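In what follows, structures are represented as structure tokens.
Next, two complexes with subunit A in common: one pairs it with subunit B, the other with subunit C.
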Partner chain A sequence: MFEAFLDGLAGMGNPAVIGAIVLGTVLGVLFGVIPGLGSVIAMTLILPFTFGWDPIIAMYVFAGIIGTASTGGGVPAILLNTPGTIANVCTTFDGFPMTRRGEGGRAIGLAATASALGTLFSIIVLAALLPLAEVMLRAFTPPDFFWLIILGLIAVTFASRQNMAKGLAAGGVGILIALIGFSPVFGVRRYTLGSEYLWDGIEIVPLVIGFFALSELIVYTSRGGSIARDANVNLGGFRQIMRGAVEVFQYKAILLRGSVIGTVIGAIPGAGGAVANFLSYSTAKQASKTPELFGTGYPGGVVASESSNDAKDGGILLPTLTFGIPGNGEMVILMGAFVLHGIQPGRDLLVNRLDIVWAIILGVIAAQVLTTIIILGGGAWLARISLVPVKYIAPFVAILSFIGVYAVRSNIWDVALAVFAALVGFSMRRAGFPLITMVIGFVLGQLAEEKFTQSLQISGGGYSIFFTRPVSIVLLLGIVFMLGWSMYKAAKKNPAPQRAEP
Partner chain B sequence: MTRINGFNLGVYAFLLTIALSIVLGATAYAGKQQLTAFVIGVPTITLLVFLFLAEVTPRLIKLTGAFGVSEDDAPQAAEDDAGASPGGMETGSWRRIGIVYGWLLLYFAMTFVFGFYIAIPVFMVLFLTIESRLIPVFAVGVMAAAGLPLYIIFRLVLDIPLWPGILPRIIPGVIGGGIVPQLN
Partner chain C sequence: MARIGRIGRFGRLMLLAGALAAIAAFGAACGDDEPDFPTRDVEWFVGFAAGGGFDTASRIIADKMSDDLGVNVVVRNIEGGGGRRAVQEIARSDPDGHAISIMNMPNQITAERLDPEDVDFNELSWVGRAVIQTYGLYTASANDFNTPEDLQGMPDVRFCLSGLAGHSFLVASVTTEVMNIAWNPVTGYRGQETQAGLLRGDCELALGPIAGTTLTAVQGPDFKVLWMYSSERFGPVPDAPTVDELGFPELGGSKFANNGLVAAAPGTPDDILAILSDAFDAALQDPDVIAGINNAGMGVETLTPDETAEVVEGMDGIVSEYIDTVRQKSQAQ
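For the complex of A and B:
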């Protein structure tokens, strides 16, 4: 493990690695700063172009985006009262009042440093836990993995706080779609309807570009206007920015609490940055001796918000790298990148491809440092990007999406599939289905079938193997708890109809 | 009284069709090849049927409450052009959504017929002029300023061969199409 770390560190001097980190960071910051775009779309758009690259270089690009988008999203939250990503919402509570007081630069300094320290904390925790995770993985057998995949799907649906039935149904459809095409388990082609196009199954790239980039394009272009409307970007000078950067250390307890909350919440599939953000902010407020200051432009509020939403990066990588269970949209696309580059998350990754693991970890740290410098130096300029009307952004997103989809297999029908997926994705979102569960189901579908079949081979065809192993029982209890809890909450929300009096 | 939302019904019906096609299709395969489709497909179909029924018969929303179907969905589902959806998504009117999707279809059609090299500049100028309401000269300038770096990055640096369009295939010799006859 330590040798791989040193190798990774030495590799960071490679110009291609430096270029990849810079590319990922610039993309992450730009897409983070523009509200409504965010890291998932940035990763989706760059995903197809990494095909054919050295996987390590590709991972540095993705790490760059993962480590920076929510930091970039803090800039419009502070200066324009418009959070760049959903994980920056609480930053507006105190960041924007500071800007109105003429202390925007101070708030930017606070946010950038808190983000960097939060990320650093969570990445150290991740690096410390990886050897333990590898030991833990040895205890997992195929039936355990099968239940883990189901648990991951349910956890994401549960945490997304959208309709449970719709989330599970979307996840189920995702798994079913993944069965189309060649099955490595059985060595046959299935559900192809006689179409040669479906022999290799449905490609991940057109699906995610259609679902995320193009369906989002429909959303923001149909709405029109620019997302941020207030052009107050007065920072108050570089001296003020540096004052904020140093001032973070006056809020050590809030910073540490936010970092711990972000890391822990991030590790729970589906919970993500937004939950961490609100929990950290509300906890900091409750623990404060002066809670009345929160929401009035209190620097501690900015620290609580920004430390937590970036600390989730280390936490959220843990289930993805160790178990192959992606906890949010970013991780789904990262899993897609693993698929594209022939990387198998889990034990194989932790034992044989530690170079990939360290590329991601070191990439996140390097990108975070670079982002902090960019934001401290050019926060006001970045905020102005948010004011660009979406009608000017849309054609570029469409063009990049089409080229990206085509580039992977040089198949024009993949582009047609992406356009169709955009319609399906938009319709599903409009009808209240969480797309992320469908894509997680799709990404994990083949693995679910493989583990299911392996389990039956081990047991000689008996189904009891799914209910008798200790780890399986624990995971099953988790599934039962989550389903039971959501039913209980739904029953409380929708009380049984009262019989009318005669 | 809550109106039935035809759009939601259409989405449920579409997803049901996919799930049913795969589960029913699984019966054509032997033994264990069917299992995953059944194990995942049957609960999925059950959930989709519940959602469908809850939409058709609003009273059923109460019965399906245990499955997490929220009453909140019903009034929101009845909206047409209000721009909000159960997923909290803010969009424009259906007309605007149709127009934007139409742009995507137009771009795909142009790419399919004429290839990326022609479709990209034409689409950009059309979109920036009609949709973004830039004056044509400025739109051409933006297209050139943005198109040139795209060409340099994708064609010259990354060397990604882009789709030349269907025309060269059906009309040999046109727009760079091959004139050498196929080997039999």
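For the complex of A and C:
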């Protein structure tokens, strides 16, 4: 483990690695700064182009994006009152009032430093837990895995905060899409309609590019104008930025709490940066002696928000690297990158490809440092990107998407699939179905089927295997609790009408 | 005049055609028998993703063949259906030698038998054998069984396998039938997950090519090889007995190895096949090519086109003999 870490550290002197980190960081910051685009679209667009690259280099690019987008997203939240990513919403509460007071630079300094420290904290926690990952893997048998996947799917559905029935339906459709193609387990073709293209199932790259990047473009293009509309940027000078950067340490408790919340929430599939962001902000406010200051341009509010949304990075990588269970859109794309580069998450990754694990960890840290420098130096300039009209951004993203989709397998049907997925994705958005649940259902569907079959084969067909192992029982209780809690909340929100007296 | 003129033009055309035919016939009679091949780049199909074992070996051999043939031998990955799309592509290619394909055998024969796509492997024009991976059966060291007799006394031994359509499933089916072992497959295990499954106790046995990370694992303390599917001891695991030594020579030889065989389209002329085969054979004699293939965890044991065709025929026979067993076991799942 330590040897692989040292090798990874030594490899960071390689010009290709430096280039990959810079590329990932620049993409992450740019897509983070442009509201609505974010890290998922940045990772989706670069994914096919990494095909044929050394997997280590590709992982540094992805790590660069993972580590930076929500940091970049803090800039328009502070300067334009428009969060760059959904995990930056709470930054607007105090960041924008600071800008209106002429303290935008101070807020950016606070945000960038809090982000960097939050990331560092969570990555250290991840690195400390990695040696235990193999023990965890040994403890997880196929029925435990099956329940973990179901728990993850339900957690993602709840976290989408949309209609639960629609979330579960979208997840179910995702699982059904995953079943398309030749099943090596059963040796039969399913739902291929006699088409050779569908023989190997639906490819993840065109699917996610269509769902995430192209459908988002349809939304933007139909809206027109520019993404952010307010151009009154008041930064207040470099001295202010540096003042903010140092001032973070006056809010140690908020910083630590935000980092812990981000790391823990990040590790729960589906919870992600947005939940961590709100939880950290509200907890900081509740614990504060001066809660009335929150929302008025209080520096502690910016620290609470920005430390948590970046601290989720370390937490969220843990289930992805260890069990191959992606907790959010970023991790879905990272899983797609693993597939593209022949990397198998789990034991294979943790035993044989520790170089990949360390590339991701070190990449996230290096990118975070680089982002902090970029944002401290040029935050205000970056924020102006959001003022570029959509009509200039959309064709650029569309062309990149189509080239990327075609580049992986040189198959024109992949482009057609991406267009189809974009239309389906757009329709789903309009109808209120969460895309992320469907894509996670798609990624986990085959795994769920595999673990279910394995469990029955191990037990010789007996279903009791799902209810007798200690880990399975704990996970099952978690599922029951989650469903029960959601029903309780729904019942409390909409009490049953009392029967009228005759 | 017009009528005479038309006849005259026709006559001149006939004369010209006759003269050209005579020149062509003379040329053919006087020229040597060398076919005009290759006239353009040769495509080498690989049914798997770039970067895998077969792809790596194909690129190493193709590169060397390019020098010999004087044209580029270009590797083209035609992924799909566990290698079956590439098989279909070569089966319907023009028989002019400008397309060849590597295929994992006898896996493709098993897949074809279970889910027919009208490919007759005996009709393909075989060029030779590119690579071979010897199969072995292994278990966790903590298990106290070692011989077929030990396994015969156990109720339903579980095998961790990739699926119910793969070569490992066929080998497990044949092995258990020949050795009279009661068994059940547990599917969905690939790469390191197989070893994790053995250590967790999901299954008792696993089988597959003893190469790459599997070779590293069985050379370590956690696993032991019970036997190798070969007639001679396998160098990297010299302590493991062969199936011949255990009294089951019908499982020996190389018919249960994972063979990377190379074929051209059905009906490729013999003289063109000979040119391809010579270039292929010359490439596989090159020490750098052999080293490259060995580094990728595979072995080199060359076969002539006729020997390759015989091996395929033998595989076809074995698969035909046991396909009903495989089908029944598969349907029982």
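Keep this in mind: the second predicted complex is superposed on the first by the 493 of 502 C-alpha atoms of A that agree within 3 Å, B and C clash if a C-alpha of one lies under 4 Å from a C-alpha of the other, contacts with A are read in each partner's own complex, and residues count from 1 in each chain.
Assume contacts are C-beta pairs under 8 Å (C-beta built on N, C-alpha and C of every residue); 3 or more make two chains touch, one makes a residue touch a chain.
As the structure is a computational prediction, the values presented were derived from the model and not from experiment.
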Subunit A as common anchor, with subunit B and subunit C clashing or fitting: fit
First, second, both or neither for A:Ile403, with subunit B first and subunit C second: first
Subunit B versus subunit C as contact partner of A:Thr453, first or second or both or neither: both
Touching partner for A:Gly342 - first (subunit B), second (subunit C), both, neither: second
Subunit B versus subunit C as contact partner of A:Phe186, first or second or both or neither: both
Partner chain(s) touched by A:Asp200 [first = subunit B, second = subunit C, both, neither]: second
Centroid geometry (CA): angle subunit B/subunit A/subunit C, rounded to a multiple of 10 degrees: 70
Which superposed partner A:Val351 touches (first subunit B, second subunit C, both, neither): second
Touching partner for A:Met428 - first (subunit B), second (subunit C), both, neither: first
Which superposed partner A:Thr141 touches (first subunit B, second subunit C, both, neither): second
Subunit B versus subunit C, judged by how many residues of subunit A each one touches: B
Overlay on chain A, subunit C to subunit B nearest C-alpha distance, Å: 5
Overlap of subunit C and subunit B interfaces on subunit A (superposed complexes): 183, 186, 188, 453
List of subunit A residues in touch with subunit B within their complex: 49, 162-166, 168-170, 172-173, 175-177, 179-180, 183, 186, 188, 190-191, 214, 217-219, 221-224, 389, 391-392, 394-396, 398-399, 402-403, 406-407, 410, 412, 415-416, 419, 422-424, 426-434, 448-449, 452-453, 456, 486-487, 490-491, 493-494, 496-497
Subunit B to subunit A touching residues, read off their complex: 7-8, 10-12, 14-15, 18-19, 21-23, 25-26, 29, 32-33, 35-37, 39-41, 43-44, 47-48, 50-51, 59, 61-62, 64-71, 73, 77, 83, 85-87, 89-93, 96-97, 99-101, 103-105, 107-108, 111-112, 116, 120, 123-124, 127-128, 131-133, 142, 146, 150, 154, 158, 160-163
Sites on subunit C touched by subunit A in the complex: 49-52, 79-82, 84-85, 111, 114-115, 156, 158, 162-166, 184-188, 190-193, 195-196, 199-200, 202-203, 213, 330, 333
For the subunit A and subunit C complex, residues of the former touching the latter: 52, 137-138, 141-142, 182-189, 196, 199-200, 341-342, 344, 346-348, 351-352, 409, 450-451, 453-454, 457-458, 460
